[in-house]
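All chains are identified by letter, namely A, B, C and D, in their written order; residue positions are counted from 1 within each chain.
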């Protein structure tokens, strides 16, 4: 495994990390969850990503149980939560968003579910237009001073919103956000590569990225279309399909097809290739992997090896094909 | 139910909330209290207002018991306390006011009575001429940093006093007051509409208002005078009658009579009409309702519907008649 | 009882308070201690003064036991401790002084002995030339922010040292000292009336004074000399005798004699007269009384009445006779 | 014993202190450890130095057990820990260094092992190029505010790095480092006497020094070379031998030989003489002694007496001989 500093901070995350999104919310049995976390840990993964909204808290409870069961040393791994969407189906107004109340309540709830004394990373899962940034920054700072959170950050905030948070933190001598969690993959590059560009140096911002496989699109499994029972095919995941594929839909699917063809040419699986491509960006601290089977996880973990195995010419081809 | 942000803060309160004042201090049986809170909650009320002095702590104890009994989710509702008057009949000098000692003691006592880990809102129930504002602001800020209070505010402070608190908070990087709790109703408008006018934009101040019915005057029940057993008729409530009716007494009673006549003309009960009128002021975050019977509460909750049911012409007539 | 604000703070102390010095360190039985505290409380005393060094902690333990036994309401009384001299006979270097270590340890020890969650007042018993003022101010501020202390102050610090503490506090946004505890009586006036004069307005400094009777000199009991078994006669109290009587010794004794003669002329006991004289100084927040018998305490508590009973002519005579 | 302030702070450490390095990590039996600590305490030692990495936590556990067993008064002694190297053989990336995570985790672990509520001193055992100084200063400040640490410092940081920490602390009103723990002895003087020279006055920096005997070189036991079973002879201690002896090796050994000859001339043991020489530097707050036998410790403690017994002529000779 490779380890990278989270931006300019002193926290070193494994370049590949394990996320509970999608899979831990109820889909997989406890034994499989245990095997997945154990396999990740054994391969050097030290960051386990979660959020209050994944399975309405079920993902955090499952992960907390499994980590406790495996007796991982608390100082050796990092665990995260994210606050914004709430952990119930129809949240009341104070059960979601980034008010001091929800940020605080959600932290306490996540600590209980994950069975830890502190969250290593705590993200604002989205910007909240109905809460002043100042209130959220103060609330995050308080949690850090109380020892309940080590590093706080954002997810899918605009560069302008992130700047605003830093301004507030500097003015009041508060802890500024350390990291962002954006979507990033071969088909979705603008925010990470353009919008955030000045923030890396200016604030030492680190990023932990989600959806390195574009929700499976880059594995080639949708090359022939979206079967109804697949993630991107399901009725209720229309929002996700739209977000991943974007407009015009056909264009992205076409690029994904070219990419998987190139992977075949290199004689590597497309998934680890897509993941390795993300790791080539030095601003990426960690790529979050989701997996519902151990073999799938192990395949994705091979991305680390690809980084060295493929030469610049190969990477150039990847860039061209996916553009 | 409608929800509104508490000023510019991220906390969303129900536009109508439930207050323990008068009724919870010993007048009503526990079963009724339970029914009232349950009905309010079922209709979307998420803010339950209280104070150390209501029934000398009895109101907070009753509310705390009932909320625990109903198992309301802690992140779904807000509860307040207010400090100043003390919670005993003849308070000793350190058992009242806004000194760091009483502000701190009263908070801890309210937490125990209300059976919660933190107060969502904590008000200075009056200004204290015998404590420097600086001392109170520091004490409130400390409680917020310790996680015992989320938002602090004032009740019946002058605009000048509120400004002073903000000045102190800004200078020392402390949490500034978020809200005020003034009296506000058709017959008592000056402070909210004139004195506080610049504060809403300047500090993002929110207001939660008490006595929307002018202690019952606007329900029409005193149209024929003040019976001895009624609230405004009772000997020991002379101060309240004077405060509500003001001078000249007859003038206000006359306006209340004209208002109830107009309500009859609209074919609506006067109480929800008076409450709805308060909600028409966009600076009002929440109107606090008192009730000793469930039917009374349900009637008052209809104010929300009136907001949409009545047109501008109607509201214009209300304004004229009550002037 | 009369109550006075502690300087410009919001804390209201009884003008007469009860101190454990001398008497609670082992001299008096537990039953008497209980009677003394009960009598003081019944007469409106709300401030009980103590220090780690009084009886090496024994005075605090006794007071803590008695107050717990009497079930005084925590929000109704104030208790203090003082740090500097240590609570053992031959303190090791870290068991005395104003280092962060000793200030913190001594606070925790006093909390246990006094059986309370916080000290209302916490004094630096003397200036410590071997600790930078900055370190002590930070340590005191931390205790206040942690809720273990409400107000901190000094005892027998020079005006210059007090100013220094305020400068540090202002620069770093820390809690500044609120009060001083100097010696003050008819025979010892310079520090309180001259040296501290500018501090009252400038910092809102309050003072709680010790030795209003000049260790008994003003009661007249030493008019005929110092018997060996009396406090000021005891071998080991030479330091106290010298401090109280000063130089030239005979001069002060003579003034005390004239004073007691004047008290006889007014037909009042000299002790309450001397105490009342201290209370005439509006900067004095509280005069600390020591007593080993209830009757003695009750007599001293009459000082409050004398304040009103004697006219300006009388007070003028007192001033002249003691000069 | 002599006591010295830790730089300009108010903490008074014994000029000679006891360190767990080397000996407590597993080499010595529990009974001996108890005898050593007891003897040190009886001779006035009040500072017991430790680190997470000494015996991977075993040294702290042993010391914690022994101190608890001896019932030393918590306010009478000081105990330290140091963070950086981790407490396991092959630390994972988050189990070492000066990130907020490891600084915090390591503190909590040390508190448990040492069985105390707070660390008197907490050192950054080395500078961490992979963590911004700002992050470490904030983390240390938080531990102090939470009462878990009293004074924080550094060990083997460059003057530039120490300055940087002070700059951050001043800007954000945080607790600055109080002390350094450098190597210092007759053969290793440059850092303490030259590099740090301006820091003593500028920041009131105190130093607690390790290796006053140059890992035994100055006791004369290596005058005839390095036997394989001796500390500086062991295969795995090549790094230490090189650090202590420096280049050119023979030169230092020669100086050590001249020094031991001089000690013989004075008729004193070389070890206490070398220790006493360190104490002649007024910037040295405490010299940390290691010992595996009580007699050895007692001999070294004689350094205090030598300070007075030897005159300036003697010290001049020492200086010349060791140059």
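By definition in this document, a contact is a pair of C-beta atoms (placed from the backbone, for glycine too) under 8 Å apart; a residue touches a chain by one contact, two chains touch by 3 or more.
Computed from a predicted model, the values in this text were never measured in an experiment.
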At the subunit A/subunit D interface, shared numbers over all numbers used: above half (same) or below half (different)?
different
Can you check how far apart subunit A and subunit C are, centre to centre, with Cα atoms defining each centre and the answer in Å?
62
Go ahead and note the Å separation of the Cα centroids belonging to subunit C and subunit D.
44
I need the residues of subunit C touching at least two other chains; which ones are they?
145, 173
Name the shape of the chain contact graph, picking from line, ring, star, complete and other.
ring
In the complex, subunit C touches subunit B at residues 3, 5, 8-14, 46, 73-78, 118, 120, 144-145, 147, 150-151, 173, 175, 204
In their complex, what parts of subunit B are in touch with subunit C?
88, 92-95, 97-102, 104-106, 109, 128, 130-132, 135-136, 138, 142, 145-146, 172-173
